[in-house]
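Please read through the structure below; I'll follow up with questions.
Letters A, B, C, D and E mark the chains in the order given here, with residues in each chain numbered from 1 onward.
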C-alpha cells in the first residue's frame, strides 16, 4: 500500500493503533484515507513525524496535502485509517479538541477575523485554552492579561507596530505573518503550516523561513510548500505525495534526486523557478 | 516588429482617494510576452483589472488594436479577444470543471483550443471533469483558470500570477504553454512575482513600484541585472 | 387498502403541487442565492390573477395558465430590477429580509384591492369529472395538476442542468463581475431567471385557483411549508426540492388520514429529523466547514 | 480582495465591530443615562400599556441583536421563546398566584430550556439555513401550543393572567404603576445582553461571526458557543414575552406565529444591528406606528411596515442607530480634516 | 356593584362615544369590518333624527380601531378606546379569542361592551360579566338551527369535519347535542388543522362511510377551501353538505353555484321582507354593497344602546346596563327580541336558510331562500344551561 521509502516502523503491525512506534514519534498516521464521493484524495497514507523535526509535505497540485492537513486537524473526518498523536487515536475528533491537544495550524488561504485588531487576534488565541471565553458574566477587560504576551508574539513576526489596526487592512504578506503568529500563540507541540510563503515576495519569503526556523525550536513543524527554496532551507524530512499516496520520503537531497519525484513533481529544471 | 495589440497610455487608477497607478504606459504586440513585476501592492492587479474594464476609477487611455476601449463593458472587451486569468483563479463552484471550461464564448474559432487538446495538456482536468470547480485543489484550479481563455481563443491574455501555488513541474508546463501560444501569435501580459519564472518566458519586462513603471527592459538586460533590480525593488 | 391507495394518490397530487412551487424557490436560490420569502405571495398573485382575469376579461383557466405566468414573469423582472439586484452582492440575509417586507406589502395591497373573503373560480372546462380506476376515484383535475407539475419540474431541471443557458445562469449568480470578464453579458441573464422562478410560483398559483380559496393570505402558510420542503430536500438542490415536495405531500396525506391533529406538525418533525441526520438536506451538498 | 472560503455571515452592523469602539466612555455614560431617563419618563408621555409594549418589544429585539449583530445568526423563529414564556408565565401566574416577576422568571427559564434542543439542531447550520431551521422549529412550537388547548386555551388564548404583585393594588390595576414594577425585569434582560457582549465570551462570538473556521482552529468549540448564546438570547426573549403577556393579561397564539418572528427582526434591523441600542429604538418606531395606524382608519399596516422594511434593507442597512452614528462620525471627521474630498 | 350611581342627565365628557373594534384588514373584514362602522354611523344619524332636540346629548362620536383578529391587539385597543378615546361602548369584536379579551377589559373598566361578530357561547356563559352583551348569534344558535332541523328532516347520519380549535370544537359539541336530541347521530368527527387549505383527504375520509350529511364547521377562507374541494370530490349528489356558520359574503366570494343546496342558519337576511329590504337599500346607498347580518346587528345594537342611554339619562356603564337588562326589543334586526337579564344573551328569531341555485338568483346578492323561522325562545341556549353567574 505505502509506496516509497518509509523510514521507520510502518512495517510493524499498522493495525494496532495503541502501539507507539518509536519513542520520538509525535504524529503518526496509519493507512489514512479520505474519499470524496468516490474520489480518493488521500489514499492509505502512513506517515511518521519525529518529535522536534521540521517535516515538509510536497507534491503536485491536488496530491492531497491540504486534505491531509484538514484530516489531521479535524476539519475533515477520515473515511478510514487512524491518526495517532503521541500514540492516542485522534481521528474523528473535532478541530477545537485537537487544537487543545497542542496542534495548531495556519490556512493555505488566509483566514482571519477581518474586523478585529491584531492584538485582539492574539488575545483570542491565548485565551482559548484557559476557558475564559465561556465567561459571559465577566468584563472583557479580563482579556487584558494576555496583552503583554500578545505583543511579544506580534513583535516576533514584525507586526508589533500594527497591533491596533484591523486585520482587514493588512497587506497580504502581513496577513500571512499574522497567521503564523496565531498558530504559535499557544506554544503548540505540533505546528502545521499550509503554504506559509504562498504569494510572498522574495524578501518576505526569507523572513518567513527565519521565523519558522526560530519557531521550530522545541517543537515539531509540518509544512506544505511548493517553493523548493523554502523546503530546502527548512525541512529535516520531506514526504512527497502524489495522487493521495506517498511517493517518496527522505531528506531533501534524497528526494530531489529521486527519479519519480523529478518526473511527477519537480520537472527537469529541478524546481529552481522559485 | 510585429503589430501592436495593446496600448496603455498614461493610465492612472484610484482606489477611493488613493492613487494606485501613476501614468503607466505599456504596450504589448502580437506574439509577445510582456511582464509586470513588482512587490505586493505595487498595482499590478489593478492594471490588469483596468484593462479588462473591471476597475473603472481610472484616467488615461487603453486601446486594443488601435481602437479605444473606453466605455466598453467588460463582457464586450472579452469578446474583442481579451482573456483574463484572475489572481484568485475565479473558478465557479456551481459549475463542473468542464462547464467552467466551456463557459466563455469562443471568440476566435481558429485559435480556440478543443476540449481534447486542453485535456491532453492537463490530464488531471479530464479526470475531474464532472466535479464542481472549487473542489479542485488550489493548483488544479490554477490550471483550469489558464485553460479557460485558451478555450475561448483570446488573442490577448492577462495572466495574474499564474505560477502561484503551483508545483514546479506544472510551472514549467505553464511556461511551455505560454511560449507555445506566443508562437501562435497570442499576446500575453503577465503579472509575476516569480522573477525566475518570468525570465524564462518573457520578451520584455516592466518593473512596477508604487504604481509607477520604474524600468522597462528586454529579457537579456533583465536577466543580467536581476539581482540588482530585485534589490532595487525590495523583492 | 383501497383507502390507503387513495390517500397515496392524493398525497402525490398535493406533492406535485408543492414540488412545482418549491422548484421555483430552489431555482432562484440555486441560481441567485436569494431565499425568496415572497414566493408565497407570488403564488397568491398567480391564483388571484387567474380569478381577476376570469372576472374582467373572461380569460378561462387554460388561458390563465399561459397569461398569468407571463405576467408574473414580467412582475418578477420588475422586482429584480428595482429591488433584489441591489442586494445580490451582499449577504443573502438581506434579500431574505427584503422579500419578507415585500410580502407584507403585496399581501396588504391585494387585500385593499380585492378584499379578504376570497374570489370565485370554477373548475376548468373538461376537467370537472372524476377518473375511476378499479375501486379508486380521483378528481380528474387533481390528476391533471399532478401530471402537469411533474412534467414541468422535469423540463425545468433539464433546462438548468443540461443547457448552456443553465450554465451561464449559474455562473452569473456565483460571480457576476468575473462572468462578465469572461465575455458574458450577465445583466441579460440574471433578471430573467428571477422572473422565471416567480413565474413558476405563478403556475402553482394558477393550478391552485380551482380548488383552493383564492385570498390574499393563501400564501402565508404555504411559504412556510415550502421552506420545510426545501430544507428537507437541501436548499440549493433542484432535484431535492422536487423529491421533497412529493415526500411532504405524502406525509401530509398520511398524516391527515391517520393522525389528523398532527398532520402539520409531522412535516416539521420530518424536517427536524432530516436536519439532525443530514444537515444539508436529503439531496443537498455538504457545506464546507 | 482575498477570497474568503468560509461561509460566514456578513451583515452590516451599525457599529464597525465591537460596540464601544466608536464612542468614548463619557459619551457612552451620557447616552446610557439619557436612555434610562427616557425609559423612566415614557409612561408620562405615552399611554402606559403602549409604553410597556415598546420596552418589551425593545428587549425582544435586543435578544435578536445578540444573535444577529454579535454572532451572525439570524433567528427567524424567536417567537417560539417569546411565546412559550408568555404562556408559561401566564400559567404560573394563574395557577399559583405567585407575584408576576416570579412567573416571568419562570417563563424565561422554560424558554431557555426549549432553546437547548432547538439550538443544538439549529447551530449546525449557518446563514440562511439557520434562519430556516429556527423558523421551522417555531412552527412546531406553534402547532404544539395549538394542540395543547387544555393548557393554552388554543385559539382563544390564555385569558385573565393576573398581575399579582405582593398585594399592592395600584400596580395590579393601574398600567402606569405596573410599568414601573415590570421595568426592572426589562432592564435585567438588557443588562444581561450588554454584559454578554462585553465579556470575553462576547469577543469569541464576534470571532465566530467573522470566521468560524478560524475560531475552531484556535480551539474554540464554535457550536457550543452558539448554543450558549442562543440559550441566553432565548432567555432574554422569554423575559420580554413574559412581561408582555402579564401586561396584556393574556397570552395568545399570536405570540407564536411566524409573523411575530418576522416583526422582531424587522424592528431589530430598523433600529440597527450590532449595537443593542438599535432594538429599542426600532421598537419605539414600530409600536407607535402600529398604534397610530390601528386607529387612523387606514387599513393596511402591511403596506406601511412592508415599505419601511424594503426601504431600510435597500437604503439604510445600518438602521436608525447606525445611520445616525455614521452621520455624526462624518460630521465630526469633516470638522477635523477640513477640505478632504473624494477623488 | 359599581361606584355611586351617576346622577340623571349626566353624560361623561359631554359626549357619547361609540367605538367599533373589529377586523379592518384581515379575513373578517368583509363580513363586518369598515361597513359595520358605516352601519353604526347610520344608527347614530337615525337616532338623532328620531330624538331631535330632546336627545340627551347631541354630541355623539363614532370611533374605530382595527384589532386584526389578534387578541393582544384587541386587548390593548379596548383599553385605549375606553381610557384615551373615552369610549362609552365597544361594539362588534369578531373572533372569539379577541372577544373574550375585550370582555375582561369591559369588566375592569365597568363600561358597556356589545359583541356581535364572535361565536363563542362563553361570552354569555362561563366568562359572562355584567357589562358584556352578545347581540346576534352564537354557536348554540347555529347548531340548533342547522343540526336540529336537518336531522328532523331525515339527515340522521352525520359526519362532522371541523377546524381543530376552540370555535370548531364548540360548534361540534353544540351540533352533537342538537343532532342527538333530534334523533340522529354523528358517526365521525374529523378534526382538521386550522387554518388549512388542503381538505381532500379529510373529505375522502368523511365520505367513506356514506353519511346522509357532512357538516363543516369551518369559517372564512377555510370554508371556501372546503367547499371547493368538496364539490370536486364528486359526492355532492349523494351526500348533503351543511355549513355551520356562513355569512352572505362567503357565498358572494365563491359564487352561489358552488354552494347550491347548502343549508345553514341565518341570524338575519336582507331580502327576507320589506322592512329588511328597506334598511338594506339605505345601507347599499352608503356602501355600494348588501349587508351581512353582522352589519345589521351592529346597527341594531348601536341604536338600542343609544335608546338605553336616553332612557337612563346617563352614559355611565351601570346605568345603561340597568336599562338594557330585560329589555324587549322589536326592530328590523331583532324579531321578538329580548335582552336576557340573567346572562345578557340577546335572543331573537333565527332562520334556516338554503343557498339558491344560480338559476334562481334574480339580482346580485340574492343568494338565500329562508326555509324556516326558529322562534326566539327556541333558538338560543336556555338560561338554565348557560352557566353564567355575574
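Everything below uses one rule, namely that a contact is a pair of C-beta atoms (placed from the backbone, for glycine too) under 8 Å apart; a residue touches a chain by one contact, two chains touch by 3 or more.
To keep track of the chains, here are their UniProt names: A = Amino acid ABC transporter ATP-binding protein; B = Histidinol dehydrogenase; C = ABC transporter permease; D = Branched-chain amino acid ABC transporter permease.
Quick caveat, the model's predicted, so the values are computed rather than measured.
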*Could you tell me which chains make contact with chain D and chain E both?*
C
*Given the two chain pairs C-D and B-C, which is bridged by the higher number of C-beta pairs in contact?*
C-D
*asked:* Report the inter-centroid distance (CA atoms only) between chain A and chain B (Histidinol dehydrogenase) in whole Å.
replied: 31
*Just curious, how far off is chain E from chain C (ABC transporter permease) if you go by their C-alpha centres, in Å?*
38
*Rounded Å distance, chain B (Histidinol dehydrogenase) centre to chain E centre (Cα mean)*: 78
*Which residues does chain E have that touch at least 2 chains other than itself?*
25, 29, 164, 193
_Shared interface positions of chain C (ABC transporter permease), touching two or more other chains_ = 108, 111, 261, 264, 289
_Two-or-more-chain contact residues of chain A, please, as numbers and ranges._
75, 109, 172
*In their complex, what parts of chain E are in touch with chain C (ABC transporter permease)?*
25-31, 164, 190-193, 195-198, 200-202, 204-205, 208, 220-225, 228-229, 231-234, 247, 249-250, 252-255, 257-258
*Using the touch definition up top, name the residues of chain C (ABC transporter permease) that touch chain B (Histidinol dehydrogenase) in the complex.*
30, 164, 167-168, 170-171, 173-175, 177-186, 285
*Can you check the complex and tell me which residues of chain D touch chain C (ABC transporter permease)?*
5-7, 9-12, 74, 121, 124-129, 131-133, 135-137, 139-140, 143-144, 147, 213, 216, 258-259, 262, 265-266, 269, 299-303, 305-310, 312-314, 317
*Along chain D, where are the residues that touch chain E in the complex?*
47, 49-50, 53, 143, 146-147, 149, 153-157, 159-160, 173, 175, 244, 248-250, 252-255, 291, 293-295, 297, 299-302
*What residues of chain B (Histidinol dehydrogenase) sit close enough to touch chain C (ABC transporter permease) in their complex?*
52-54, 73-75, 77-79, 84, 86, 90, 92-95, 99, 102-105, 107, 132, 148, 152
